[in-house]
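There are two complexes below, and they share subunit A, which is joined by subunit B in the first and by subunit C in the second.
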Partner chain A sequence: MLAGGVSLILVGMMISNFQMMIIGLTFIAFISINGWIVGQSELEITRFVPHSNVYKGDLIEVSLTITNKSYRRTQLLEVFDNVPHEMKIRRGINQIRINLGPGQSTKLDYMLRCPLRGHFSVGPISVRHRNAFGLFVNESKIEDMCDITVFPQVRDVEDAMLRADVPKMYTGATTLRTPGPGMEFYSLREYLSTDPIRSINWKAFARTGEMMVNQKTRDAVTDVFVILDTREVSRIGTVLKNPLEMGASAAASLASHFLKRKDSVAMVTYGSRMDFLPPDTGDKQQYKVLSRLASVSPSGSMPLQAVTNALSPRISRGSPVFIISSLEGDGTTLPAIRNLSGNGHEVIILSPSSVDLERLVSRIPRMAYEVLKLERQNRLTAVSGYGAKVVDWMPDVELSQALVQSRG
Partner chain B sequence: MDWRKIGVFLNTRRNKRIALQASFWAVLLLLILSIAITYVVPGQTQQSAYGDEWNDLGSFREELNNKGVETTALVSSPLLLSDIDHPEQTIFVISGVERDTISLPRFTGEDDLIQFSEGDGYTSSEIVAIREFVSRGGTLILMDDFGYSSNLASEFGLQFTNHRLYADYSYDNDLGSDFVWVNTTSAFNFTSSQGTQTTVNPCIRDVDGDGVVDVLDEDPSDPEIGAPFVTIQDSGLCAHRFRGTDPATNQPRWDWSQDYSILTNTPSAFEKTTSYNPAERRYVISKTTQDSWIDNNGDGNYSVGSFAAFGLVGDEQGPFPVYVRYCEAILCRGSETGRVHFISDGSVLINSLYDPEFDSIYSGMVPENDNRKWILDVVAEALILNDNGTSPGEHALVIFDESRHQQPTIFGDTYNLVYYLLIYFTNDWMAMLILFLFLFILLEAVLIRKEDPEDWRHVFRVVYYGFGDAERYKYYQRPEKIRQVLLTRVRNLNALTMEEFEAMPASELQGMIRDPVLVRFLFEERNYRPDELVGIVRRIKQWGESGGVTKVVD
Partner chain C sequence: MELSEKKEEVTETLHIPVLRKKWQILVLQITSTVSLLLLLKRMSDIYGPCSDDFILNNNADTWCPSYEHTRGLMWMENANGLLIPDFLLGVGQTGTMSMIGPLVLCLFATFAIERFWSSSQELQNRIKQVAAALLGAWVILPFLFSWIFATFSNGFHFPWNSNDSMNHIGELFHPLGLMGELVFLGIVFAPVLVGLIGIWGLSKRSITWVVGYYIIVIAFHAVLTFEPIVSEVDVGLRALPTQIGEGSMFGGLVSPLASSLLGVAILMLLFMESGTAAISHMEYAASLPEESKRDSEYIRQFNNVVNSHLIQLLVVVSLVGVTTALALAFDDLMISIVGILEGTQWTGQVKESLELQMTYGKVISAGLFIIAVAGLRFVVPWQIVSGYVESGISRLRSN
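Take a look at the complex of A and B:
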């Protein structure tokens, strides 16, 4: 239009045609007025998200309130809330086109589904102004971010654990007749400078004239160790079905199950490095476990034996150990499990079938598939030969069903 | 007045923003004004046809208007002369070229193609436009001394000396030596051989010799027929030569003189060598006297001879041509042919000299002169196109060039500059081409840079695949690998350690397998067809499922 206006004026001047010049001037005046009547960007946008921690597959309601704080109309205004690609919009839409008057406000509501675990951020908010005729555009961003953590799914495995051929001696908190942190009284002893003041037995002090403190009986619980394989090989499969996703869900479910029973749970992940979450009980430990599992990603090739060697001094005697791994590409699996079993630990291996997961995304020749399966069976058989309980977890089988099929 | 409330009011966010914006625009305006100050302040006008000072040309313009001649001013550029429809009835008056103009590129159409630098005064495009105006029959009156009109004069083969002309005796005693007389006795005797060209000017043309000028004669070819009773109004553009009516004959008395006594003010002169050239149709009309001299060295004194040895330049002695006429046709024949009147003084038509009664500092001192008579003869020669009339033609027009004068109004020069650029970009086709190219590139750049933003939309994208190593599939189809898998299976099912298994004799191994096909596969090294391998793998699978005993034998 600008080119047309200028051309008309020039041609009009050349041929002395004033009508043509006036039309050209009209064009340019139109452009100029468009440039002048542009929207106002003094906006206040607030986002409300009810939960910042959700489980994989959960829904989140997001609500944006947009208020025009200026003294002019916004003209045509587009607001777009940037949602991570990994989240799916289930209801509503994350953008709105509005023309707000001074002081007016409006709301934008939409619902997100989180099909993947991990840490995500909703935002920033993109704002796009257009003038009255939509010829000029001005974009800006409001850096309002909302962090959302998506935990892996937690399945109910209580029935499966009862029916499964796995140890059931973890009965929760028991009292041992040894001093330590606990609730019940154990004995009196002399005060040490490291003792807290509130543990002083004032009656005994009054009676004997010496500072005495109360000692408590230690509340001992069973320590359950969950070791999750996060090596590079654990990414084989689709985004929703792969050894890591299945393993993360299984680890979360097992941890939740045992923590509910007031057992103490330790979480170990290994891939490019080993991360150890010391054994503990309660909701706080569950939150820690879930947060740790939300952020794991496949990388590295750390051998299992390196993990078990590093853990051996920290694992309580007789503690059961759950190993969640496809057992692929690691020559140290057998000696590692042999050592654990030899140290008196109950070892339960939950092994997602990586061959079948690979088959979801690759066309494996039939004969190669059969040989791979045979080799995997050989590996599982060898592991079970060392006294470990082995669960061959097929992709289309639920965790609770898989646990029931454990063999030893 | 509550200063606190005012302070609070000014301290609001909105008012702060307004104050900030106002400051910004004020500073920007100051910057622009400081640059454009040259074009904004009013100038000191002189030699302007629209001025009323002693050195302006207002009296001349008013007299033309009184005679029914339309006058106008050209404030932008002489390029507009190319748009004039009737150049043969148009006079273009240049009275003093006071300033240069900006140089813009020009397409020459010659070897150098584009000319980027320009000479002083008028641009090449403007000179071409003036030249074409004269070629099409227009009349140009160029009055300048030390100004910027050298290039325009050169276009017609004439050169200014660009030095001050002095006369020892031929100056006006009352006004002083700045006012030099330039006299001619035969203004229409262009050459020494061709005789007087009285037919050139309608105000002295009398073909039948009856004593009545042809423009008033009822029959210009019959000496017996004169003119009816003639008044000064009837004389029209030749009224300046009307001397009343002879009561004896009832015929008009007429000034037939061909001499002019032109009074100049600080004049210059033309080069002697280039002024007169009949072959190129340049004729010297008026010269100074012998006692005149050109102050070549600019010392204000007459220095005879050259003192080159001392690094001095001597002055030059007269006579010098001051008034030169150029004719588009030989001897300026034909009333519709172009002509140029060069006079080396820009002040010959200023109010004080043109109108002796003009109220100025020179009032009552200016002697009688022929400046008015001369210019009115020139005007009549240019605008009277038919033989039997003294009125100007229907399209007669006198254009005063004001584009090279300082403008007296505020923003006057800015307006002239903008208008000049406008004329330049719409008249010079090279400029038009550059402008179009520039606009085209600019708009393309804007279009490329300013793409319409894409519509926003949320894309749900979680699809990725983790592939295994596809190269290993071939390895798993080799007989050696299949054989290894079988052996591992046998060892596992029989709960043997590696050492025990390796120490075991072959016959015992055969006994463990108990399948002749698998046994043969283990011990027979040969090439297997794919279908054979498929069968063997199936047997291994079945063998393992049955706990070491093959149930199905192919």
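Take a look at the complex of A and C:
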């Protein structure tokens, strides 16, 4: 409009035409008067997200409250909450056009779906203010970030673990006849200043007049090792369905299952490097496992044997070991599993079928597919020959169903 | 009470059919339409007449390329006759009455085009096929019939012949007459048709096209009436005065010519801004997902935005009119101020300067004034003042 106005004035002056000059002047006057209407972004914006930790596929309600604290009207404002592209808006929209008077406020609600696991940040909030005619635009950002961790999905594998040919006898809390942390009653003893108040037996106190506390029998636990393959090859397939995604979900489900049974769970991920989460029990360990799994990404090509060699001094004798890997592109798989089995570990391999996952994204000729499939079957058979229980996990099969199919 | 509130919640949404009936949107669209019609009227008044010399030297059947349709159509009627009835073309009428028939045609065409665009693709294809078939039949059938009937009386002959009764080629070109009529009509009414389609058919491009068209018409008129060109080729257009004249309207602020020309500019601005505003607001509403269209907060803010847009449109366009008028009269003010400071040779020279009151001086002084107006925004805290007033009013209301 400015260019048009100036051009009209100049052309009008050149050919002494007042009409063109007046139109040009009017356009320029319009811009000048518009300059008087200045928007402002002195806003108080608060974002409320009820949960910062969610599971893959969950929905999050995001709520923004925008208040104009100043004594000026905001004029036309566009408020846009930046949402990571990995998240999908399920309900509502993350932007609004507002014109708030002094002291007025408004609310923007929308719902996000988290189809991918990982650590994400919602924000910053972009505020674009413009005058009513859209001639002047100014954009600013309010650095209000909200971190959200999306854990992998945790499936219920209770029934599957009971029916599956996996080492049940080792796992679960086993009561020992010694006092310690546990569930079952062991004996009564006198209260010590270090005892928690909630352990006081009030009935005994009422009866005897002395402070007595309940002692519990100590629960013994089994260490369960979960090894997850996060190498580059675990990327095969779609963004939502690939060996790593399936594996992360399986690792989270298994860890959750064993932790619920009061077992001690250790988590190992290997790809470009090996990350070891020492065995532990409880909710804190579950949180650590889930957080670790939320951040894994496919990279590197570390061989499995290097992992098992590094772990061997740390794995308790007889502990069951779950290996979640497509077993692709690693020549050390057989010796690694042979070593583990040889050391007396129960080895269970959960192997997402990378051949079938690849079929989801590219067309593999039938003959080639048959050959690849045969190669994979031979590999799995060879592995099971070393005493490992192998689950050939097809993409369209649920984890619980896959576990039932384990063969040894 | 509760029931009526609930009913209101359901009915007020941001769906396009609902917005089309919203009073704020209708006000914007009607303002734009009225501006367009007034613009047509004012353009016809300013650029419609031919020059006095042309009228004196030629008869009523001759045509000059002014922004007026009846003269050209009358010229066509005298040459070949007209296919469209005179009352629809406005032929034989003068002034505003000559525009009624074509405007009715424009309204009808806008409605038809709007319905055509909103119909299914299949129906659109069917309509196109039928229209093409009818046009083809209109071109071919009269030619064939006239030729076949002529073979009965004159025997077999080719359709082209020096003998008029055996020459039928002319029948093929008969529909061209309609095209000619539409061209003469279109020069004046195409912007109205396109503008109406833009406003009611929600097309920003059409609205911009109309403004561009009018600027081109003005530019053509300016070039064709430019003194050096007129001395070489005089097409008979009436030139605008080279002097804007003394201010005699609105307390001596503007001259009648300046007021007239300013009116064109303001109407152009009003048409463009109100037309595009209605579309922009509806575009935003259409971009919202279904839940947000029903969300009371979104509806409240939409109303806030549209209401303040309406107020700003009214205030800004009025201020633009006043500012431009003041800017055009600023040279007089400057000369008056300099006149007060009598005594030096320079003030005397400036006072007697004609140059300042001519084109360049007027535009430069107007430009200076507008720059000063633009700079005033840093001095006048009107938004804070209006904010205090607004918050005071809302506090009083809440009390």
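In this text, the second predicted complex is superposed on the first by the 336 of 408 C-alpha atoms of A that agree within 3 Å, B and C clash if a C-alpha of one lies under 4 Å from a C-alpha of the other, contacts with A are read in each partner's own complex, and residues count from 1 in each chain.
Quick note on the criterion: a residue touches a chain if its C-beta (ideal position, glycine included) is under 8 Å from a C-beta of that chain, and two chains touch if they have at least 3 such contacts.
What you see is a predicted model, and the numbers here were worked out from it, not measured in a lab.
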item: Partner chain in contact with A:L374 - subunit B first, subunit C second, else both or neither; value: first
item: Which of subunit B and subunit C A:M13 touches, first, second, both or neither; value: both
item: Partner chain in contact with A:R235 - subunit B first, subunit C second, else both or neither; value: first
item: First, second, both or neither for A:Q75, with subunit B first and subunit C second; value: second
item: Touching partner for A:I197 - first (subunit B), second (subunit C), both, neither; value: neither
item: Touched partner set for A:A206, first subunit B, second subunit C, both or neither; value: neither
item: Common interface positions of subunit A, toward subunit B and toward subunit C; value: 13, 71, 89, 93
item: Subunit A residues touching subunit C - in the complex, by the definition given at the top; value: 8-9, 11-13, 15-23, 25-38, 70-73, 75-76, 89, 91-93, 96-103, 106-109, 131-134
item: Subunit A to subunit B touching residues, read off their complex; value: 2-3, 6-7, 10, 13-14, 71, 78, 80, 83, 85-89, 93-95, 115-116, 126, 128, 137, 139, 235-240, 242, 298, 354, 358, 361-362, 364-368, 370-372, 374-375, 377-378, 381-382, 385
item: Residues on subunit C engaged by subunit A in the complex (per definition of touch); value: 46, 215, 218-219, 221-223, 226-227, 240-242, 244, 257-258, 261-262, 264-266, 268-269, 273, 277, 280, 284, 288-289, 291-292, 295, 297-298, 300-302, 304-305, 308-309, 312-313, 316, 319-320, 323-324, 327-328, 359-360, 362-363, 366-367, 370-371, 373-374, 376-377, 380, 382-384, 386-388, 390-391, 394
item: Contacting residues of subunit B [partner subunit A, same complex]; value: 14, 422, 425-426, 432, 435-436, 439-440, 443, 452-453, 456-468, 470, 472-474, 476-477, 481-482, 485, 488-489, 492-493, 495, 530, 533-534, 537-538, 540-541, 544
